[in-house]
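Two complexes, one shared chain (chain A), two partners (chain B, chain C).
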Partner chain A sequence: MPPSVLKHALVKPSTAKPSAASTRPVKKKREGVAGYVFLTPWMLGLMGITAVPMLGSLVLSFTNYDLLSPFTEVQWVGLKNYARMFGNDPHYLHAVRVTLVFGLVAVPLKLGAALGVAVLLNRERRFTGWFRGLFYLPSLLGGSVALALVWRAMWSRDGAFNTLFGLDGPNWINEPDFALGTLVVLGVWQFGAPMVIFLAGLKQIPTELYEAASVDGANKLRSFWHITLPGLSPVIFFNLVLETIHGFQGFTSAYVISGGTGGPIDATLMYTLYLYRTGWSEYQMGYASAMAWVFLVAIAIITAVLFSTGRFWVHYGENS
Partner chain B sequence: MHRAAMSQGTSRRTLLLGALAAPVLAACGSKEAEQPAPMSTEPVELSIFWWGADARAKATEDALALYKTKYPFVSFKTTWQGNQGYYDKLATLAAGGNAPDIFQIDDGALSEYAERNVTLDLNPYMANKKLDVSKFPESLWKYGEVGGKLSGVPTGENTPGMIYNKQLITELGLTEPKTGMSWEDLISWAEPVYAKSGNKVYGTMDPSADYKALWMWLRQQGKELYANKAIGAAKEDLVKWFTLWKGARDRKSAPTADLIHEANGGDVTKQLVVTGTAATSFLWANQITEVQAKTKQTLGVMAYPGNPNAQWARAALYFSVARSSAKKDRAVDVINFLVNSNEVGKLWGADRGLSANLDVRKAVADGLTDATAKTAFAFETDMATKFGKAPAVPPKGHVKVRALLTTIAESVQYGKADAAAAADQFLKEANAALGA
Partner chain C sequence: MKKAAKLVALLALLAVVLYPLLWMLATSFKPDNEIVGSVSLWPTEPTGKHYPEGWSAMDVSFSTFFRNSAVIAGLAVLGNCASCLLAAYAFARLRFRGRGLFFAVMIGTLLLPGHVLIVPHYILFNWFGWIDTILPLVVPKMLATEAFFIFLMVQFMRGIPRELDDAARIDGAGPYQLFWRIIVPLARPALVTSAIFSFIWTWNDFLTQLLYLNDLEKITVPVALRNFLDSTGQTSLGPMFAMSVLSLLPVFAFFVAFQRMLVQGINTTGLKG
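Here is the complex of A and B:
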């Protein structure tokens, strides 16, 4: 949801609470208990499915746990796993590179496509609703296995892509120089979710601004540059953060398209795929756990950096 | 698992691990039913897990049904799936303490599981005659030993086989390749196929990324793929191997890298004899029935090139019993039945290799009707007269080495690395993986 909405959501309860608290403290306490009771299912899920396993993996990341040996044989290895990542594992650094390239290319392209189509679909015309639905459709299929399989077939030597453009092209997915590109295209194609959010954001920009601008003689491009982009910047920021995190985590398409190997010659060896392969196929779960934690910290840092740049280009209504 | 950690009262770290990690990873495990007395007639359910195609699933279910008619109180919980992802699933099950009572495994993974004590040592069962391998060739059942422990029972014997498109070769007016021809001869033989087929079909698959082929080629020069916990080949050997196949690709005897990559995935439907892009595929001899079912062309099978005495009595697959199983005795009895029963042998044919029990093998051979199955049997029977000494089962780390060879050989095939650099990289990374 756009940050403006988020702000409202945050503000409301804090204004409502004190009044209830000052009048009847006992009831508040009881409500508090009820609140926790209602939270229990979620808390249990969080603890059991997310928090405890995460802590477990943190512990394992300092061990040589190999998935199959009994726990009695697990040995503490200190920071060895972490050192290995950056000192002695060319495949790891390669996977980082592949993931960065994927993220840095796919995310801007996807957001650009989403914004472009959102602007086009913002005007009410006949069938606009239909088009919105159609453009959103690929996102519904999400990171599905079926889609990745279709993708494989599409980019093969005599697949849809070569046939459609009459190319005597290669099997794109089997070419180390292009395989990652096909994954990027697949990612970009699923721009529906950010598009819908952009559409909602566009609706929030007051039309008076455009009217005033056109009275002053501004053309469409300048209106877009000086009104749409600043007005939309909170939404762009939101989408950027979300898609960046999502982009770096890409797994399913790379797994299915490369048959789980990250091939050809590690061209599609995304970070999460290498992590998976290390843990489950090569029985180095301790090392894989360490990778997972570095990944978590890296994504947190990237997100923090994005937030810190936000000050310079994200305009919330009240400041402008 | 965590119970074991507690009782032995080892270091505090282990305790911490047990306390923190075990509930996570082993949470749903250890719902061990009360152990039934050996060979009791209490109703018992055994879980059994394998990979394979539909035909294997049906044959296996039928075989288990036969066991059930003998022992009606035994029931089976069968799970099977395709090859891809099988070991991921098995590892996850084992890690969670839910390893199936009986599971299928191959020599690529046997050491990984045996050295980590997932598999039950079957030697005691062999000693007290609960497991009868007396009719097996000795070298075959010994190929189930890892570090002195009998970790798997071979379901059958199998050898790598080069499957070729017999029909196409005849149509192009070429002679068929023959067991015993050298690797260089194969490449020369393959050269005219491309031009004669109107630039459609390459003569031979390039198996430089296939550890089976490399291993065979090394053995023909008196070396092994593995020497203890290291790679048995020297840099010059690997350079020679990569260069041999680079020559084949340059001469158009072997296909382009993208086609080779497609087949390297191992999927039967993607093999080049099936897709019609090459006249040979480097597989397992018994896979000819599976591959033949996917193509209308008539296929043949021969040994990998070079002297066939580099081959050995190799277990096609094994059945292993999980050490954590609560029904070990019954599980061993089921395996004993599956590998020694004539009826099961007939149901399975050559699907899990040529029956390990020689009496069963003979009975199966006598009853064969399918032409392809006959070919497979004839081939394997002939190979058995040529076998050399068996090496040790590939060591722990083999899975990673196999994947490394694929990646690194492919980098040569795609022209991204030269043979010398590839050989260096392979030796460095493979030895590191084996030493770990």
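Here is the complex of A and C:
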């Protein structure tokens, strides 16, 4: 599943409760049965596709399962997989670093671009729909293999980037110092989705606030700092959580641009790409399971940290 | 004057944003000797030859890949819409023991990073003998595992007036009739939004299709595109871009047809593409 979350689930947890129950207790019993009938596919999925596989992978993470030998030959290795991750697997630590750098650079840049363009577009009356739609287009196409192939070609030695700027540059994809940078640019290029959400948020800020501020002699910058940013903070928070979870899971572009290796010398070895390599090139499913669980815990901690800092900078208006 | 400056800035930015897409389109129509090092968006001698070349560049033609992608995306759309609609109705409208808990669990799965499950899924589906079939790609969708769509539909259904339910109840309708006669017809906009996003996400999906489909006869368009890198190297940029353009066309068509609806969908639900 693409890591998509609904705004209301994060921004307004209180509204995410089932609505008031029916007022007719006579039908209660019939409805009770019907509720389970309608939920049957979901419950099957929850058990079979989510819960049981998750527990299974937790168990596997303590074994040396390799996919090829039968289950009877699987050996319990205790915490060895986890110890290996942090002890003697330089690739792993490298992958963690690459993923963190990507997330910490690409996400703020993407959100900054989204906010900047949204503010520019918000006051613009003409062609707003056109601009909004066309800026959004890369978000729909950017995650595809096709665009990753385009990126690979654009940043090559005689690619469009070097030629456009008249550079005698290298093949940026093959440069360990720059390869991840091209992925960051590809990520930032897809700023349209958060931009659309920012635009919707900007429409919610009452214009009277800006009028009152300008009467009080506030300039544009002060209005932005004291009205726009606080008013938009729930939306910024929502986008931040969403894009962070999404960013850390990047796979397709890193895979295609590096030809499946995460190279050059692991420069684009995103976490999921290393997990894929471990599981499907080296058949170390036990180790890959341990990596997946560490990833889950890490994402949970990062999300929890974001939520706890949110208390200090996210302002909910009285009518939200 | 200031307004004009702003418009110019937006147009300049738009040019930068759209350049890679237009460059891909232009390159797919450039003759071979014009491709390398070319930045222009207009081929001097346009040629359509890369399209048939790319279409049959591999041992199996792209018609197979497109058919495979279409079947998987179509079944994913049906599965997501049907199973999530059932679950959403239960959450939004029915009263039963454990609803609050189940709802909380569903919200929890929304935040679950999907990549955590690829290893156990692969082992499970491998054990079922489902490798090189479309089952691992469509069966989970039929079991309402994309909680995102459930939530979207629940939010929508809450906006359907309860008076309609009450009126139907007075006429003797039970929960099943309510579902068919009132919720399904009225929830159509939410269904359409879910269908569009299901389609686009499944069409663009790469990792799961790469994992489960190996046989050249079975692979989908994204997996086939990636094979251009392995089999032909840098020399066949033209055919590769021609097929890239074709692979994006369905998504682009949905974008053109439903642009307003997609943007609305993001606005009201916080959905991202």
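Rule of thumb we're sticking to: the second predicted complex is superposed on the first by the 289 of 320 C-alpha atoms of A that agree within 3 Å, B and C clash if a C-alpha of one lies under 4 Å from a C-alpha of the other, contacts with A are read in each partner's own complex, and residues count from 1 in each chain.
Everything below uses one rule, namely that a residue touches a chain if its C-beta (ideal position, glycine included) is under 8 Å from a C-beta of that chain, and two chains touch if they have at least 3 such contacts.
Because the structure is a prediction, the values reported are computed rather than measured.
A.B. asks: Tell me which partner A:Gly45 touches in the superposition: chain B (first), chain C (second), both or neither.
C.D. replies: After superposing on A, A:Gly45 lies in contact with chain C but is clear of chain B.
A.B. asks: Once the structures are superposed on A, label A:Phe238 by its partner contacts, choosing first (chain B), second (chain C), both or neither.
C.D. replies: Once the two structures are laid over each other on A, A:Phe238 reaches chain C alone.
A.B. asks: Quick check on the superposed pair: does A:Ala193 touch chain B, chain C, both, or neither? Answer first, second, both or neither.
C.D. replies: In the superposition, A:Ala193 touches chain C alone.
A.B. asks: When the two structures are overlaid on chain A, which partner does A:Leu164 contact: first (chain B), second (chain C), both, or neither?
C.D. replies: Touch partner of A:Leu164: chain C, not chain B.
A.B. asks: Contacts for A:Tyr283 in the overlay, against chain B (first) and chain C (second): which applies, first, second, both or neither?
C.D. replies: first
A.B. asks: Once chain A of both complexes is superposed, is A:Val150 in touch with chain B (first), chain C (second), both, or neither?
C.D. replies: A:Val150 sits against chain C, while chain B stays out of touch.
A.B. asks: Thinking of the overlay built on chain A, is A:Leu67 touched by chain B (first), by chain C (second), by both, or by neither?
C.D. replies: Once the two structures are laid over each other on A, A:Leu67 reaches both partners.
A.B. asks: Have a look at where A:Ala304 lands relative to chain B and chain C in the superposition and call it first, second, both or neither.
C.D. replies: neither
A.B. asks: Looking at A:Gly263, would you say it contacts chain B, chain C, both, or neither? Reply first, second, both or neither.
C.D. replies: A:Gly263: touches chain B, not chain C.
A.B. asks: Looking at chain A, which partner touches more of its residues: chain C or chain B?
C.D. replies: The partner making contact with more of chain A's residues is C.
A.B. asks: Report, in rising order, the residues of chain A that make contact with chain B in one complex and with chain C in the other.
C.D. replies: Looking at chain A, the two contact sets intersect at 53, 56, 60, 65, 67, 259, 280, 285.
A.B. asks: In the complex formed with chain A, which residues of chain B make contact?
C.D. replies: Counting only chain B, the residues touching chain A are 1-2, 4-5, 8, 10, 13-14, 16-18, 20-26, 84-85, 87-88, 91-92, 94-95, 112-113, 116-118, 257-259, 261-262, 264-265, 267, 399-400, 403, 406-407, 410-411, 414, 416, 429, 432-433, 436.
A.B. asks: So in the complex, the part of chain A that touches chain B is made up of which residues?
C.D. replies: It comes out as residues 52-53, 55-56, 59-60, 63, 65-72, 74, 76, 88, 90, 157, 170-171, 174-176, 259-261, 263-266, 277, 280-285.
A.B. asks: Please name which positions on chain A make contact with chain C in the complex.
C.D. replies: Going through chain A, the ones touching chain C are 1-11, 16-19, 21-24, 27-28, 30-36, 38-46, 48-50, 53-54, 56-57, 60, 65, 67, 117, 120-121, 123-124, 126, 129, 131-141, 143-147, 149-154, 156, 158-160, 163-164, 189, 192-194, 196-197, 199-200, 238, 242, 245-246, 248-249, 251-252, 255-256, 259, 272, 275-276, 279-280, 285, 288-289, 292-293, 295-296, 299, 303.
A.B. asks: Residue numbers of chain C touching chain A in their complex, please.
C.D. replies: Chain C reaches chain A through residues 3, 6-7, 9-10, 13-14, 17-21, 23-24, 27, 36-39, 83, 86-87, 89-92, 94-97, 99-100, 102-103, 105-107, 109-124, 126, 140, 142-148, 150-152, 155, 158, 165-166, 169, 174-176, 179, 200-201, 204, 206-207, 210-211, 222-223, 225-226, 228-229, 234, 237, 240-241, 244-245, 247-248, 251-252, 255, 259-260, 262-263, 266-267, 269-273.
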